[in-house]
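Here the chain labels run A, B, C and D in written order, and each chain numbers its own residues starting at 1.
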Amino acid sequence: MGVTTLAGIERAARAHLPREIWDFIEGGSGAERTLAANREAFSRYAFRPRTLVDVSACSPATTLLGSPLALPVGIAPMAYHRLVDPEGETATARAAGAAGALLVAGMFASRTLEDITAAATGPVWLQLYWLRERAALAALVERAEAAGISALVLTVDAPRIGRRLRDLRNGFAIPPAVRAVNLDPALMAASHRAASGSSGIADHAREQFDPSLTWADLGWLRERTRLPLVLKGVLTPEHASLAVDNGADARGGANPGGRR
Amino acid sequence: MGVTTLAGIERAARAHLPREIWDFIEGGSGAERTLAANREAFSRYAFRPRTLVDVSACSPATTLLGSPLALPVGIAPMAYHRLVDPEGETATARAAGAAGALLVAGMFASRTLEDITAAATGPVWLQLYWLRERAALAALVERAEAAGISALVLTVDAPRIGRRLRDLRNGFAIPPAVRAVNLDPALMAASHRAASGSSGIADHAREQFDPSLTWADLGWLRERTRLPLVLKGVLTPEHASLAVDNGADARGGANPGGRR
Amino acid sequence: MGVTTLAGIERAARAHLPREIWDFIEGGSGAERTLAANREAFSRYAFRPRTLVDVSACSPATTLLGSPLALPVGIAPMAYHRLVDPEGETATARAAGAAGALLVAGMFASRTLEDITAAATGPVWLQLYWLRERAALAALVERAEAAGISALVLTVDAPRIGRRLRDLRNGFAIPPAVRAVNLDPALMAASHRAASGSSGIADHAREQFDPSLTWADLGWLRERTRLPLVLKGVLTPEHASLAVDNGADARGGANPGGRR
Amino acid sequence: MGVTTLAGIERAARAHLPREIWDFIEGGSGAERTLAANREAFSRYAFRPRTLVDVSACSPATTLLGSPLALPVGIAPMAYHRLVDPEGETATARAAGAAGALLVAGMFASRTLEDITAAATGPVWLQLYWLRERAALAALVERAEAAGISALVLTVDAPRIGRRLRDLRNGFAIPPAVRAVNLDPALMAASHRAASGSSGIADHAREQFDPSLTWADLGWLRERTRLPLVLKGVLTPEHASLAVDNGADARGGANPGGRR
């Protein structure tokens, strides 16, 4: 039979992908100790079983910020799905729909928002980085609403990108055939500039992401959309409280595999 | 000399058994992390020694729910002993008797209850799964009493069987020569159906076990037998209290090697 | 240069000794998990350093139950030193004296008490097992006093010997050339009987050690000697209190390498 | 691209250096368990991230005991930089300046204080061992002030040197071409005496360091200098309080890699 575990899926992907794409996806920051600690921490979770409960008709279905889900699992926002599959995010949207799971499309999706929501049979949310170019951000939010996106997820833990040694060693940049098609190519140019010893991803973030973002700026975004707003990357209870006080509808404890 | 440790017995069994039988016995659910955690947890137990106590005539003999035991150890219910030995459960019964230990025969024993109790020189208990077919359950309980079974052990932590990857990979099913002879063959047919990528054991449980069982149903069983009733698979203190409130005589913290 | 660590001494000894002697010395009970836990526990000890203390003339010298020691370290009682060196305990006595350490001679020493104390330049204590043959015990105590032994160490955690698998596999017995010369050969005969799958050491202990010993018996020994009496193998605070209440002058938390 | 991690720098240094120099730098005391525990302890540190903080213009610059630092990191005092680079401490001084970090020169620097401070573009502190020869200590302090040293760091956790097995096995001594040029050669002679099974470093410390130093002696040093005085090697809170009571301006919890 085929693959039966997540580890098996990982092995199959590794065999299928060019080394530098694999490293971009799998690699973490620095010596990848946080990445390892991350997996180790997950392995410490255990269920506390209850017995003699009628489980003949149990269902994990729920509604999350207005989005109905058969499975309470969301596909985290990841950029450029076409790096690993020619079809890209529309394929992910169909898979999410088949599983009843949520798809959170990345700001740097390699398929248009319109194509993604058209392919989806379940809810799609959109992740955003806060660009220095606020007009581009505002335009994308407007377009997302029109395309049927159900919620926005603002990444707040990446004012700059971690030092991912694999990308630096590979001089990694996004190959020209794969593009963040929902944004002006000029805004994304740095992502495609390969250079020995540097990362196009990190260079691009340094150039385009606004590191001056504070809680006070959230109001600007809140006013521009009727969509629920989720903050991604809030890790402490005190910041979770601040998030709510500042207009967020939810905050996710992002755990990006030790990549920051 | 021969085998001196449990690990040695395991090694000898592995060398003796066909791979898929070994995997069925030794394998756990999923990535077998719970199985590993299980052994690790056992290794943390330590005795707190007392000194200068007269140990010239000490004995671990006790009586458990009316069953006298020279050794306070029970052989956990396991299905189909004939998978590993042509004689099956009657051999186990003789070994238990020689050691002064308790034998808990499995509902899916491959020898008749009557043969097992006839071969036994000590107490024998019977384990039960709660079948959708309650009449079969009632009939087996009646037969158990007549055969001299001393207590019943109801498994309550298996409304469905864990995802045992080894069985799925082996497309495991119980070989036709080994049968759960105490039950109607029609009820057991699914256990013998091998199919690539599926487990006959899991398929059978899905078909025959009643996942709607709750505390309220225990009364039905309690009324049908004068035997002590033990619940197997109660893991939390609050459920242990519930067990007693609902007519159980004992509850065992089952630890089936991470197989659920 | 030569050996610089305890591990180096161990390696050298292993290279020098016949396998079954090495196993007798190095082996622990069962799967040797306690033995491993033992070393692991030691490695967790750490010193809490104090700074700016005048250490130009510091000395660890002390007096232990009347025995003056330049080094507050005792050589634990071990049987049959001649298993590892032709000279045996008198060599150990000279080494202990050179280091300013205490030698605790074993009841099963392979040199006479008189030879050992004659070779010693520092204090020598004597360890005792409680034999069924109390007259032999009484005689040895009397002889020990006459030979200049400074204290007695009664082993209280060995009413029987642990299941040391290495010895069982080797069918180990003490070779005839090495003898517990301070006791009647008849009392020691079982130690020298080799048999496949059994341990002469364990068989001897089963035959000669009194497993009925309790706190009440200690008075018998206390009355027969003016020497300080130490109990070896008291592991819990409550038993330490009992030891003092019953006439012991000290109690040692024996840690025999997971051999019991 | 080149080296991207501290581990990579370590590997490069190992490839570049003679074995006995590498061992002197990398080795710890005894079985190097403390050295390993040290790294393990560091790996347990984690940052508690705060989000939505304006990081567009953040700076770690600070002032430490009057020394302005762009980077709040100090290069720990290490003896004889010329062991690893022909230029020695002046190269380190330039690197520290480029990074905005503090250089703490060692008492046994292999370049003159005047050369080091001349090469430095940032602050330089000087580490001291307390020599039996107090006149030499007083003279060095006076010279340090004249050379522009900004603070003194007194090592208080090395009344003697730990048993570094690598150095003992290598019979390590400082090669004649590398010298502690800020001290009278007569005071340093023992450091250069190689002998099988001994360490020139440890022998020198035993000969020249004053092990009788106590808190009371600190006043003597305090009176001789207007420079801030830091104690290196204070590990417990109670000793940190004592340090302040005795005229220290700061105390560092030295962690010399398990070398003491």
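Assume contacts are C-beta pairs under 8 Å (C-beta built on N, C-alpha and C of every residue); 3 or more make two chains touch, one makes a residue touch a chain.
Remember, predicted model here, so these are calculated numbers, not experimental data.
S.K.: Going by the touch criterion stated earlier, list every chain that contacts subunit B and also contacts subunit C.
M.R.: Neighbours common to subunit B and subunit C are absent.
S.K.: Count the residue numbers both subunit A and subunit B use at their shared interface, divide by all numbers used there, and answer same if that is over half, different if under half.
M.R.: The interface is built from different residue numbers on each side, given that under half of them are used by both copies.
S.K.: Can you work out the whole-Å distance between the CA centroids of subunit A and subunit C?
M.R.: 65
S.K.: For subunit C and subunit D, what's the span in angstrom between their mean Cα positions?
M.R.: Once rounded, the distance between the two centres reads 46 Å.
S.K.: Could you list the positions in subunit B whose residues touch two or more of the other chains?
M.R.: none
S.K.: Linking chains that touch, what shape results: line, ring, star, complete or other?
M.R.: It is a ring, because the chains touch in a row that closes back on itself.
S.K.: Could you run through all the chain pairs that touch each other?
M.R.: A-B, A-D, B-C, C-D
S.K.: Under the touch definition given earlier, write down the residues of subunit B that touch subunit C in their complex.
M.R.: Contacts found on subunit B: 1-2, 4-5, 7, 43, 46, 48-56.
S.K.: Considering the complex alone, what residue numbers of subunit D touch subunit C?
M.R.: 30-31, 33-34, 37, 156-157, 159-160, 163, 165, 168-169, 171, 196-197, 210-215, 218, 231, 233-236, 239, 242, 260
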